[in-house]
Each structure stands twice: as C-alpha cells, then as structure tokens.
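Both complexes below contain chain A, partnered by chain B and then by chain C.
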Partner chain A sequence: MTTLGRTRLADVGTYVAFGVICLFFAGPLLWLVSLSIRTSAEIYVSSINLWPNNPTLENYVAALNNPLFPTYLWNGLKLAVGGAFGAIFFAAPAAYALSRFRFRNKQLAMIGLLAVQMISPLVIMVPLYRYMDRIGLTDSHVGAMMLYIAIAAPLFTWMLKGFLDGIPRSLEEAAMIDGCTRFGAFMRVVLPLSLPGLTSAFVLNAILGWSQFIIPFILISKPNLLPIAVGIFNFQGTYSQTSTQTLAAASVISIVPAVVVFLVLQRFIIGALMSGAVKG
Partner chain B sequence: MAHVQVNQLFKKYGELQVVHGVDFEIGDGEFTVLVGPSGCGKSTILRMIAGLESVTSGDIVINERVVNDIPPRDRDIAMVFQDYALYPHMSVRQNLGFGLKMRNASKVEIDEAVRRTADTLQIGALLHRKPGQLSGGQRQRVAIGRAIAREPQLFLFDEPLSNLDAKLRVEMRTQIKRLHMSFQVTSIYVTHDQTEAMTLADRIVVLRDGRIEQVGTPDDLYSRPANRFVAGFIGSPTMNFIDARLVAEGDTLWVEPTGGPRLSVPAERVGRYRPHAGRQITLGMRPEDFTNTWTDESRAASSAVPLDVTVDIAEPLGSDTLIFGRIGEAEIVCRVTAVAAPPRGAVMRLNAHMNHMHLFESDSGVAL
Partner chain C sequence: MSQDAVARPAARAAVSDTGVRWRLAERPFVWLAPLALLLVVTYVYPAIDVIRYSFTDATLLNPQYAYTADSYRSVATNPDLPGILWVTLLFVVASVILQLVLGLLVAMVLHRGVKRRLPGVAAVRIIILSAWIVPGVAAGIVWQLMFNEASYGFLNAMLRGAGISPVAWLSDPDIALWSAVIANVWRGTAFSMLLLYAGLVVIPSSLYEAASVDGATPLKQFWYITLPQLRPILLINTVLISIFTLNTFDLILPLTGGGPGRATEVLALYTYNAVFRNFDLSSGAVLAVLLLAISVVFTLIYVRLLPREL
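The block that comes next holds the complex of A and B.
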C-alpha cells in the first residue's frame, strides 16, 4: 500500500473512533433533549424515537414558570462564581510561592496537596456535615462556598503553579531591578502574564462548581438556598409521576449556562500572550 | 557612576558552597568582565551584586555604601539578561520607559528618555511593537535600551550575547563597547567567552570553582597569566602546554621537552628561572609564538630558536594557517603566516619565540 493510502486509512480509522466516542458521550445528552420536548403521554412509549411524534416546548415553559427555578439558577451562579473566585484567591498565592520560592519540604507540601485532592467529599460526608453543623455553617451559601474552595484549591494550585513555572523568573527580576517591589513585580508583570492561566482556571472552576451536587445536597436543605443542580433533583419529588419531561427540560436549561460560558471564555484561554517573552 | 567593592564574598546553597571568598574592586567608569567556565560562580556573583541573590557572608559595597540588604530597586543599577527578559505584554516604548515610570518620572521625562534611547540604538521604528514581533538582535537592543534609558550608575550584563548568532554577536559586542565609551558608566559583564572578555574589558576577573584565578587587564592575562588555568582559558587557539625539564649548563638554561629538542631560555629570563633548574616543569607557548617567517637578524633580535615541527594537520584560515603537529611527544598547534598546506608527516622548520614563553610548576600549575 502506498504511504498516501496508509495515511487515508489511518484518517478513516480516526474519524470512525471519533464518531463512536462522540455517540457514546453525546447519546445520553441527546436523549435528555429528546425527553425534554415530549408530552407526558410520549414519555413511556416503548419504541425508541429520538424525535417525538408531537414535539413541544411546554416542558420548558413549565420549568421556567416554577417560582423557585430562577432562584435555583441564581444560587447556582452565586456558588459557582464565588467558589471559583475564592479558589483562585487562595490558589494563586500558594502557586506563586510553590513556583518561585525555595523552602524546606516543598516537595512534600506539593504531594500533600495532591493527596488531599484524592479524598472524595462522599467519603467524609457524615463527619463533614456534623462539623459544618457544629460551627453553624449548614444552610448557608458561605459554608457551601468554603467547601467549594477547599475542594478546588489544591488542584488549581497545581494547575497555576504549572502555568507560573512557564513565566520566566528573569521577567520579575528585571521588574525588581527596574524599581518594583516583589509584590509590584507580581502585580505588574506576573499577573498580566498569568491572565490566560487564571482565566482558564476560573472557567474550569466555575463549571465544576455549577455542576457540584454532593456538597449542597449535604449542607443545604432550605429550598430557597438550593443551587440548580440540587434544585432539579427536587423537581422529581415535588411533581407528579409524569414529571420526567419537565425534569429533562430543567436539566437542559441548567446545562446551557455552563456551555455558553465555556464557549465564550475559551478564547481567553488560548492566549498567545507569552510568545516572545524570552529568547526566540 | 559607581565604584564597586566586593569583599570576602561567600555564597552557599544549603551545603553547597558556590562562591569561596571573592575579593575585587571596580573603579568609576571601568568595564569589568567576569569570565570563567560554566559553574564557576560568575553569574551568582553578578546576581548578588544586583540583589537578586542573598549574600551568605562578605560585603558588596557600591559607592561606599554596603548594599547587602538593600533591595535591587534601590541600588540604582540596570541589568541586561541572557534571555532579554522584555515584558511581553508591553510595547517597546513601554519596556524602555518602565524603569522611569516606576521611579515616578513625569511623562515628558519618560518620552524624552525613550526618544533619546531609541535614537542611540536606532530602534525608533520599533517603539509600537511588542517583543514577540522583534528579531533576536532587535530584542537584544531593546534590552540594552531598557538599561540605558534610566541612566543608572551601574550596568550589569549577564551573558547578553550568548543567544545571538556569531555575526550578530560581533556586531552587538562592538555596539556595547561603543555605548560604554560614550556613556562611561561602570559596567560588570559576565561571559564564558574569552573573546568577549578580551575585546570588551578594561579589567578581567577570571574565576574557577567559585574562586578568583587572576584579576588583570586583558594584556596582563594574555602576557602574564598567573597560572596554567588562566593561560589556557585566555587566547584562541588555546596555549600549548608541553611537559619539559629545566636544565642548567654553566650560564645557560635549557628547556627540554620530553622526547624533543632542547630550547634555550633567553638570557634575560635565566636569573628568574635558575632556582628551578633540574625540575620537571610545563612549558607554555601560544600558537602565535611560532612563526614561519624570519631572517637570521630578526631571529637573533627576538631570542627565537629554530624548531622542527612534524605536521599532522594544516587548517588554512585565509589570513593565516593553523599547523597541528608534534615536537617530541607533545602535540602542539601553531598559527603561522598563510602557507600552502604541507602534507601530513612533513617537517616544518618554525621559529619559536622563547621571549614569549611561560613556565608553570608541573603540579600546581602556578606560573614561575
């Protein structure tokens, strides 16, 4: 077989694999969309039709008309954005220290951070609830946000450290010789250059926060404080048996902000700001 | 302008000692080059002078003020980095003006300094560009411009030319020399390239393993190296080192290379070397101390002695020819006036200029 032929064949293989993987992951999502535009009568039909016989947007209207739905969205947004800001607020200085300073047991500290990351909140659910309850931080956005931050900060410290390692030290040193304090050099040189890294960390963090389920599920019981991920779950209980289509519509609505945010901010992530910083 | 003193400077990283009690002094307006192989501590010393590394012990004094604990920004210095370290998110204009802006200069002052610097370095057309849009040579000029725009009292250069290609390196070297001649600002320049050191420096500090081997003018180092290391480091091709014995016969002193012909020591050096007669020594001869053009008169006048060299390889360089050959057991290289390349094994009669010879102790390498 010619080289060109082999290349073509490999291309076909790649696309087929791509298609299969796509279908595997997009399948449930498409099914969710399909459910969300069905009438209640069509929910339990046994034949598998992706496109229903009588498509309707009624379910979306019903979901959006739920008096608590906008509150859920707003709570979800608050927790996701607040948690992301908080995580970066704590992770950025830690990452800077790990990237720039020499200190005893640095390696141990970094491995420790990663080890903490491996503990699932699910495992510590009971003690976590008791602990937060004791200090009066259940049914509170501040309490939930603190946990969002605690869970995300180690990973983002690692992420940002990797990014900061890529910014040459000589840039800060040049700034310090040019008249900046270390903090000034950080603010004027490192921070602007870290913006792509910080933005990507923020976006990723906010999306993870938006879909966070366990923490608010454990800590928050008041309906008016629930974020969207848990709020939707409660739809199940509050509606009659045939609420599946409304639940599906609500789920689709809840996905939209995350997708939009990702698509819009993705361009910031691919920042070519660093090109030409040092020798070319 | 600044007068710099480095007194008993030590630097340790944990248990690793990298600078071992270094002392030197730099006069007002002097251009000093710290040179040595990689790992000799030259960059560490420069960074300590800049304030980017802490001092383990010893003092750095700039204009009679000990600056050990003074932050870099208050030392009134400017530094050109090996990787240029231009701020990638700022235009060339902002890069040049950054130091002045940090020192609260007015906009008019900054504009004037930027214009003057851009004129000096001919980078006026680049002012609106970002560093990413510049070539290597242009970035290097902007980096130098950022240093001179602020008119500091001390310039520090950390291997600033090592990322440039050979041609550009020579151009920039001349440019730096020209700038120093017109501004006369005290400068400390770190390099591992002895050619840069020789061409730029008023004074050179040769370092090895965190210790000073010799401090002197380029001529001192070339003509009167303190030891075998300095002799070998300065000059290209490197000095020939030939194992030999020093033999006295009446009033005459001879150098006898192992397995080679004996060479007479010029009369004016006999007194100096006589105490070492009978000892095993190392003879140092620079490649350019062998010539292939002479007359009997010129030979007699320059204490030159004829020497037969068995040719191994000849490398014609155009202006002159490098002859790689042997005398006795020693391999040597000679830089002679351009000749048609002699065949391998041919014997060339050269003139060895013994008044330029160097003798070193065999064990310690110290010059006799």
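The block that comes next holds the complex of A and C.
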C-alpha cells in the first residue's frame, strides 16, 4: 500500500475512534436531554428512540415552577460567584509575592499550597462543622461562602502565580521609579495586566463552586438556603420514582450554565490550569 | 534579576518618605499573610483538630468528651472496615487505570487529528470536556438514569433491543462498584486527557522521524518513544487522580448511595456517614485522619515528581 493510502486509512481509523469517543462521552448527556423532553407516558416506553414522539418542554416548566428550584439556582450562583470573587482578595497578593519576591521557604510555601488542595473538604468539615455550629455559622451563606473562598483560594493562587510569572517586571518597576509604592504598582499596573489570568482563574473557580457539594450538604439544612448541587440531589430523592422526566430537566438546567461558561472560555482556562499543573 | 538590582534602590529613593509602609510592602510575608491566615483557620487548625478529636470519645450531639485511644481500637476492630477499604481500593485503582488508559488513547487520537488538521477535532474535544465539567452530583444522576433498571435505563434498553438479557447495573452488589467506576471514568478522563495531550505535544517529532527511518513500527514507536517521554506526566497524573478519586463522594451518593448493602461505600462516604449520620465524631475523626494520611503520602510523592524549581 502506498504511504498516502496508509495515511488515508489511518484517517478513517481516527474518525472511527472519534465516533466511539463521542458516543461514550456525549451519549449519557444526550440521554438526559432526551428524557427531559418526554411526557410521562413516554418515559416508560422501552424503545431507545432518542427523539421522543411527542417532545415537550413541560418538564422544564415544572422544574422551574417548583417553589424552591429558582432559589436553588440563585443560591448556587451566589455562592459560586461570591466564593470565586472572595478568593481574589487572598489569592492575588499571595500570587504576587510568590511570583515577584525571592525569600527563604518559598518552595515550601508553594508545596504547602499544593498540599492543602489535596485535603478533602470532608476532612476539614468534621471539626469545622462543630466550630461553625457553635458560633451560628451553619445554615448561613456567610459561613458557607467563607469555606468556598478557602477552597478556591489555593488553586486560584497557583493559577495566578503562573500567569504573573509571564508578565515582565519592568512595567511595575517603571511605575515604582515614577513614585508608585509597590502596592500602588500592584493595583494599577500588575492587576490590570493580569486580567486574562484573573478571569480564567475566577471562571474556573466559580464553576467548581457551582459543583461544590460537600460543604453545603453538610453545613446547610434549610431548604431555602441550599445551592443547586444539593438541590438536585434532594430533587432526586423526591422525584426519582414519580417523575424521572422532571428530574432530568432539573439536571439539565443545573449542568448547562457550567458547561456553557466553560466551553466559551475553555482555551484560556485550560491554558492557565495546565501552566500550574504540569510546569509547576 | 539585574534589572531588579537597578530598579530597587531607585524605587527606595523615590518613596523613602513613606518609610514604614514601604518597608512592609517589600516583605513577602505581608502579601502572603491574608492567604496564610485563611488557610490556617480553615485547613491547618481543623486538620490538627481532627487528629485531636480522633483521640476522644466525642459525638456530634454531646459537647462533653474525654480523651481515649479506644476510638482507634473500635474503628480498627469494626467488622465493616476491611470491606470499606477493599471497595475503596478497587474503586480507586480501577478508576485510575481506566482513566489513564482511556485518557492516553483519547489524547493520542486527538493529537493525530490535530496534526492531520482533520475537521471535527475541536468538537470531539469539547464533548469530552463537557463530561468533565458536569457537576459531580449531576453526573451521578445522569449515570443513575443510564444504569437504571426501570424501562428508562438506557443501557438495559439497548441490551433488550439487542436481545440480551438486562443487567442489574446498580442492584447487584458484584456489579454496582464497576458501574460506579464507569461513571467516575466518564467524568474524570478529560483531566487525564488534558495533561497527557500537553505531554504529547512537546515530544520532538524528530524522534519519530528517526525511528521511522530505522523502520520502527508504530507499536514500537509507541513503546520506545511515546511512553518513556510521557513517563513524568503519567506519574503526576496517577498521583493527582488517585487523590481526586479517593475523595470522590458527590458522584456516588446520587448513583448508589453506597449500596446495595455496602457494595459501593467508599472511605469518604463511610466517613461522612460515621460523623453526620451516626453522629460518631470520634470514629469519623479516626477515618478522617486515615484519609488525611493517604492524601499526605500522595502529596509527598507528587512533590518528589514535580520539577525542582517551582
């Protein structure tokens, strides 16, 4: 066989592989969408037509009409965005110091940040629940958001440090020669220049916050304070037998915001994430 | 560095009138303090306190407790523990192996597609990443619906369509764990793929060209070039996803709730149940110490694998 022929054959093989990959990764999500647009009659039809005979958006209406569902969405957004935003105040100065200063034990500080990320939130929640219960921070968004910030801050710092390493020092040094304090240069020169890195880290951490389950699951018991991740879990408990199609619609609504935001910004986010994970 | 040496004295002269504030701003400690404080309060102190609680007889309901080492004895002699550890080990090892193999295969296919500029590569990449970004609880629900043994379960509908008898994906204790592994691999593969893809891109193509000239088959090229070149990333990847999988909790809860029986109750879920369902803080703390210790060991390995200069 000629080289060209062999390459063509390999191309065909690549596309076959693409097909299998797409089937495995997209299949479950397509099935979820398919269930979410079915009438209750068609849920129990045991044929595997992906597109139902009588597609309907009623299940989405039903999910959104649940008195708690919009509250879950709002709480999820509030905690995710608040946690990622709050993390900036802790991560940005720390990332700056790790990028710009040379000091003893810097290596240790970086490793410490890594180590913290390896600890399961479940481990720290065991004692934290007790403290927070004592000072009335369970069943409160203030308490939950503090932990969202704490969980986001190390990854945020790590990603931002990688980004700051790529910004030349000469710019902030010029500002400091012109009479800016270091903090002034940080605020007026470094932060604006690191906006792409800040945005990537913010968005990724907000998405992770949207998915956060353990913290609110343990800390919050009042239904009107729960975020969406715990909300759909509770939905599953109440709906799974009676109306799978509504559960599917609710799940789709919980997935779509995270996936859409991520896909729009994926190139930036992945670049920022990889610079931390691989290069260190 | 030389620029720094010139600029610093100049900056010093320019702002000498704000003496103390300036000197503070030049100390890395001041910049790191907010983060350090936050992490001490939320991670370091609780982690130490977990160890302290593990030596008590505390419960979640009673504020009084006494110090004792009986908690370790009672956890160690609990007849459930070996089963939980075995399930956790199987879940982690199977997930990690499958994620690495699948992640590498997908990365290689995508890499080939990008090199050949085949249309559609971007779409395939987006589909894999979508599975990764799905919240863990939602992924658990998605796979619960896939494996469901009612008629809306996709996999059994397929099997029935093909004339094969349906499988008890989630209700057979011997199968449920593997179903959980499949769901976990579905969600986790994208992360391995991303790391390995980044590794594939930087392998010099001259290595492959030289091998082709010498007549090495693609299989030999994979074995003698690709795998050795990817070794560091494969190791880092193994450590990271081992920890992620060990801490998995949100996927299993909606999928099986740990059942049937205890067939899918991994260590993280067992710990949660001990503390927040049985209010047994001391046993939960012992289990949390175990989780913590495993994480520390993996972190130390990870640090050894990282390049020296951070």
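Here, the second predicted complex is superposed on the first by the 225 of 280 C-alpha atoms of A that agree within 3 Å, B and C clash if a C-alpha of one lies under 4 Å from a C-alpha of the other, contacts with A are read in each partner's own complex, and residues count from 1 in each chain.
Throughout what follows, contacts are C-beta pairs under 8 Å (C-beta built on N, C-alpha and C of every residue); 3 or more make two chains touch, one makes a residue touch a chain.
Predicted, not measured: the structure shown is a model, and the values here were computed from it.
Novice: Of the two partner chains, chain B (first) and chain C (second), which one does A:L193 touch, if any: first, second, both, or neither?
Specialist: first
Novice: Tell me which partner A:L265 touches in the superposition: chain B (first), chain C (second), both or neither.
Specialist: neither
Novice: Touch test for A:T157: chain B only (first), chain C only (second), both, or neither?
Specialist: second
Novice: Considering only touches as defined above, state whether A:V81 meets chain B (first), chain C (second), both or neither.
Specialist: It touches nothing on chain B or chain C.
Novice: Can A:M110 be said to touch chain B (first), chain C (second), both, or neither?
Specialist: The second partner, chain C, only.
Novice: Taking the superposition as given, does A:I177 touch the first partner, chain B, the second, chain C, both, or neither?
Specialist: Both partners, chain B and chain C.
Novice: State whether chain B or chain C is in contact with more residues of chain A in the superposed arrangement.
Specialist: C
Novice: Identify the residues of chain A that lie in both the chain B contact region and the chain C contact region.
Specialist: In the superposed arrangement, which is not itself an observed complex, chain A uses residues 170, 173, 176-179, 181, 273-274, 277-280 for both chain B and chain C.
Novice: How about chain A: which of its residues touch chain C in the complex?
Specialist: Residues in contact with chain C: 7, 10-11, 14-15, 17-18, 21-22, 24-29, 31-32, 35, 43-48, 89-91, 93-94, 96-98, 101, 103, 106-107, 109-112, 114-116, 118-124, 126-131, 146-147, 149-150, 153-154, 157, 169-170, 173, 176-179, 181-183, 207, 210-211, 213-214, 218, 228-230, 232-233, 236, 240, 244, 247-248, 251, 254-255, 258-259, 262-263, 266, 270, 273-274, 277-280.
Novice: Looking at the complex, which residues from chain B come into contact with chain A?
Specialist: My answer: residues 50-52, 71-73, 75, 77-79, 81-89, 98-99, 102-103, 130-136, 139, 146, 150, 163.
Novice: Please output the residues of chain A touching chain B within their complex, sorted ascending.
Specialist: These residues of chain A touch chain B: 168, 170-171, 173-181, 184, 189, 192-193, 273-280.
Novice: Can you check the complex and tell me which residues of chain C touch chain A?
Specialist: Touch list, chain C to chain A: 3-4, 7, 10-11, 14-15, 18, 21-22, 25-26, 28, 31-32, 34-36, 38-39, 41-43, 46-47, 49-50, 53, 60, 105-106, 109, 112-113, 116, 118, 120-121, 123-124, 126-131, 133-138, 141-146, 148, 150-152, 154, 157-158, 160-161, 186, 189, 194-195, 198-199, 233, 236, 240, 243, 246-247, 249-250, 253-254, 268, 271-272, 275-276, 281, 284-285, 288, 291-292, 295-296, 298-299, 302-303, 306-307, 309-310.
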